[in-house]
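You will see two complexes here that share subunit A, one where it goes with subunit B and one where it goes with subunit C.
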Partner chain A sequence: MEKEENNGEYIELAELDPDFKSEVMKHEDAKGLNACFACGTCTAGCPIHEIFPEYDPRKLAKMVKLGMREEVLTSPYIWYCTTCHNCEQHCPQNVKFFNILNVLKNMAAKKGYAPNAWVEQTKQIIKTGLVFTTDEALFKKRRSFSLPDLKLDGSKVKKIIKLTGIDKIKAQIKG
Partner chain B sequence: MNRYALFLGCTTPTQVIQYELSSRWICKQLGIELVDIKDFVCCGINQTNLNLEAGLLLATMNLALAEKRGLDILTLCAACTGHLAEAVEKLKDQDTRERINSKLETIDLKYEGKTKVKHISRVLYEDIGIDRIKEKIKIDLSNLRIAPHYGCHYLKPESAFNGFDDPDNPKTLHKLISATGAFPVQYETLNLCCGGKSFPVSNKIAMSLVRKKLDNLISKKIDFLVVQCQTCYLMYSNQQNVINRKLGRNYNIPVLLYPQLLGIAMGGDLIHDLGIHLNGISMDYFLKKLEINKKRS
Partner chain C sequence: MLPDKKKRIGVFFCHCGKNIAGGLNIEALIESSKQIQEVSYVVDNKFSCSEDGQVDIQKAIQEQKLDRIVVVACSPSLHLMTFQRCGEKAGIEPQFVDLIDIRKWTMHGSPQKIAPEKALEKSKKLIELAVKRMRLKRLIPMAEIKTEQSALVIGGGVAGLEAGLDLADKGYKVHIVERLPTIGGKMALLYKVFPTNDCAPCILAPKTAYANIHPNITLLTNSEVKSMGGYIGSFHVKIVQNPRYIEADKCTGCGECVEKCPVKVKDDVFSAGMGQRKAVYIPYDQAIPKKAVIDAQNCLYFRKGVCRLCEKQCPTNAINFGQKPKTVEIKVGAIIVATGFDEYNPTEKSEYGYGRYNNVITQFQLARLLDIDGPTKGQLLRPSDGKEPKRIVMIQCVGSRDVSTNPYCSNICCMYALKHAQIIKEMVLPEAEIYICFIDMRTVGKGFEEYYSRTREIGINFIRARPSEVIQDTETKDLSLKVEDPEIGRLLKLEAGLVVLSCATIPSSGTEQLSKTLGIKLDKDGFFKEMHPKLRPVETNVRGIYICGSDQGPKDIPNAIVQAKAAASCADTELRKNKIKLPQFIVNASKLKKGGR
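The block that comes next holds the complex of A and B.
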């Protein structure tokens, strides 16, 4: 029989990765995922979903459980979360979707799908300890209000952060 | 005497110094001693996106720096508050603490779980108390209608805040606003997130969140929106101007940081003590508001 064309209307069972879920759940922050019965309370209370329906916590949780590794980790939507914690705040099953999403983002980042904004912030804290660049005008302004000078030294951050491997993460190349 | 290590975070001391200025001023008036620790670094919340361990490690580095001096931490930023308080919770687990401390050893730091974290508004509410704040009020603001905005990480994750306030029906900022004499206005999108953490990745989505709250506030006849986080401030104040400019809208909702509001009521100098002129609100508008109050009081 000839293979039907799949325009994203159904899931190819053969392309699912049954190890994905257990890999995610191995992480302390994501171990409650099995309790999710897809009631959708997370999605209903999500402010991002309300204005951008493609971002859907319930759907993402289901996709992880089904083993849709590629679809989840390459999805640009997982980065849209505004970290309001509503999803976990209201979950009747005490599933920490917010934490699960962090685990997913960490996995995606390792694969090279991290947005540039977060990678740049890491580079910045290694330089100055803070996520922003500063200049002489700011120092002047601070002094004019008798506010203390900022130290701006990232050397200690650099020493310890290397131990986590975050400095090796590269931003996704667009295009 | 209340004594805390002041945790400025990244954004306040570089982009919203009026929050730092007014916080230092009101703390001085209320007998809260703030200790500057120059070695403090980014709290690590945004690093959790890329690497949870790095995010926890940075948080613990800061906790350890305060603990070394025997101090609890007072935060200004809601996100730093939530992230550091969550770290305190996570580090109650001995294995986690040992794992993180083994990394901190390389810079001679160790966290033993003593240092705790409180947002400035929580310190005002719990350590000083509404009654003592009321005693310090010199200027009548009873004619001002204020919309409070709490900031998500001020109370979430809930597990990190020991039932301090109810994230779904919060009251503490309302009470702190009432303490100044002003009237806290209830509105539908009270708990809506400012979108600040989406902004670096998708500013379109973040701006939609900002507009939703501003649209709701238009009909509420408020004098000010009052926030207690510099990121919420930047979203509702600076981005309000960007939306007006780029989308041809005409929002006119002035934003204050809570210590500025309290500072005004306590008789602080609007410019030197509270930095109101840095808020992008016309001083004429501002003085007119206060003048109206004076006349009616």
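The block that comes next holds the complex of A and C.
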């Protein structure tokens, strides 16, 4: 049989990567994925989906199941999650989509797909142990409101980073 | 007692095709079994339960003069009787036939399957024990008992009534115990019933009315089973009849007392909280028996010692404030349990706002609102302001298929949502827009798919998605919810005047207590457990006690009726024997226990 020309009209099974799902599901956090029955409760309750319809938890869950590795991991939207946990709270099948998303983000980061802002922030956390840094301007402003100076100490977080090896992952971040 | 002579025990191995032989070294087992004390014959065959297999066993019993046998094959609940009958034909007392299950360890797809070496090891041990048990076993003396030609039915819903009527028509005396003041169960309150949309009370009435006058049926309403003892053929049951505070034989159901009673309360049972009733009330027009009942919790006389207006009003002097609970003791041959279901209370699914937002109601409540003889005389008005809703959204699977509440499918909710949508569109509010948000649409009964098609044809909107939450506008009390319609891949915001939750079907309150009283098991979801999910669907772990209707699992009326007829037939099969044999110790133990569990 002659091969039909396919210019993106349909997905060919051969293009899919069946190992992707099992790779994701190897993580304890993603074990519930197979239970998903595509009811869309997660999507309906997702505040990000409302603004960026392209980010769709129900669709992502299906894309992972089908094995659409590249599309999922390179999607910029998986980084838009606000971590509100709505999807997880209301899911009738206890799929924990939020946790699956974390697994996906980790996989994407290792591949170097993490967006720049995210990489920069990670670098800063690794360096300082702090999500936000402070400077004299901020203190000045606080003093004008009669608020005390902040003593921010990131050393414990830095210790955790060392112990868990998160900084090693950084080495693989190309961004 | 048998003299202690040497036994001649036969051990028979079944291959069950490849089911056993494929996962285990049977040769090795045969060799090791030959070494067991007092085993005088060991052989295998391909299918022991087949005709050839059974003839082989019988031949061996006679030729080898065996007096006890152990069949090593599959589950006793499936085949013990087969091999007992087979042995009996060759002259072996059924008690000396045993069947042990090793197939569960070897069969493909068995949840208990283990590695062949492990299976071999475990089988060896099990066989040794079974043979030892057979070697030491003494004959248990059997007693022949007379079966009472009567039955008790617990629950007077459509299932219980059907079973009771079948047995009564066959000639048995039947007692029907119903804890509410009227028989009829939920069906009496459904207005119309799918798939034909006929009037529910009208098609139920032939059963309730017949049960009321049947010479073989005694109705015990307002009553509950307190204790049970005995065994099949001879169950002793104590029933408590709670007072109506109305003498039933004097009450004509004229309703004069109801008219005069000054106390109005919410009717949670017969109006599902959508209407009111008096402290003295008659449940509904077609109630059977049509007798008034006083709700002592709300009656002024019981609360404060005043009033007694009903007493003055009653033309037949039927009111009797002094009535006390009455215990009735009966002896019956069989028991049929048909205690039905409750609608799941969705308050705990707080994201949908039930209990917080007045305009979020359940489908059972909607059924009461749609009923032209119901609390609103069939007007569909929203609870917050009594206005007609312009848009109605139904949410399916609330508390069903949800691992945080009930994991199972409640079976009937798709169909009753379609029914209510049809009724609203065609009979009540033709202008209203109706949306049904569902996960899967399950319409598998006879005529059900056509029912679904018809619902689409009349313009009901279907969205294959589940909303995440319902939000209320604090001023207008309008509701809004968002769902992602997968067909277009976009989020829809639905604003609705009324949201209806299709709630799960759960076992009726008191099911757990009743299971203890009767000694019958519950399944993992709290419904009564059948003996075998495929082959023995209405029998329980107690011989002589049967289950039917929605207490065995969620189901619609046609299926409840089928089970009711099956349960009646099972009871009849045992009772018509007139005499049955039971182990003497069961009969003795029950005599000692007197008064029951």
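Criterion: the second predicted complex is superposed on the first by the 128 of 175 C-alpha atoms of A that agree within 3 Å, B and C clash if a C-alpha of one lies under 4 Å from a C-alpha of the other, contacts with A are read in each partner's own complex, and residues count from 1 in each chain.
Here, contacts are C-beta pairs under 8 Å (C-beta built on N, C-alpha and C of every residue); 3 or more make two chains touch, one makes a residue touch a chain.
Keep in mind the model is a prediction, meaning the values are calculated, not measured.
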Taking the superposition as given, does A:Asp56 touch the first partner, subunit B, the second, subunit C, both, or neither?
second
Please work out whether A:Asn7 is in contact with subunit B alone, subunit C alone, both, or neither, and reply first, second, both or neither.
neither
Touch check for A:Gly40: first (subunit B), second (subunit C), both, or neither?
second
Comparing subunit B and subunit C in the superposed model, the one touching more of subunit A is B
Between subunit B (first) and subunit C (second), which does A:Val103 come into contact with in this model arrangement: first, second, both, or neither?
first
For A:Trp118, using the defined touch cut-off, is the partner it touches subunit B, subunit C, both, or neither? Pick first, second, both or neither.
first
Once the shared chain is lined up, is A:Leu163 touching subunit B (first), subunit C (second), both, or neither of them?
first
For A:Pro92, using the defined touch cut-off, is the partner it touches subunit B, subunit C, both, or neither? Pick first, second, both or neither.
second
Overlap of the subunit B and subunit C footprints on subunit A, listed as residue numbers
86, 89
Residue ranges of subunit B in contact with subunit A within the complex:
10-11, 13-15, 17, 20-21, 24, 36, 38-42, 45-54, 57-58, 61, 79, 82, 96, 103-104, 106-107, 152-153, 156-158, 167-168, 192-193, 195-198, 200-202, 205-206, 208-209, 212, 272, 275
Spell out the part of subunit A that touches subunit C in their complex, as residue ranges.
35, 37-46, 49-50, 53, 56, 58-59, 86, 89-90, 92-94
Residues on subunit A engaged by subunit B in the complex (per definition of touch)
27-29, 47-48, 51-52, 79-86, 88-89, 98, 102-103, 105-106, 109, 114-115, 117-119, 121-122, 125, 129-132, 134, 138, 141-142, 145, 147-148, 150-151, 153-154, 156-157, 159-161, 163-166, 169
What part of subunit C is in contact with subunit A in the complex they form?
351, 397, 401-404, 439-440, 464-469, 481-484, 486, 489-491
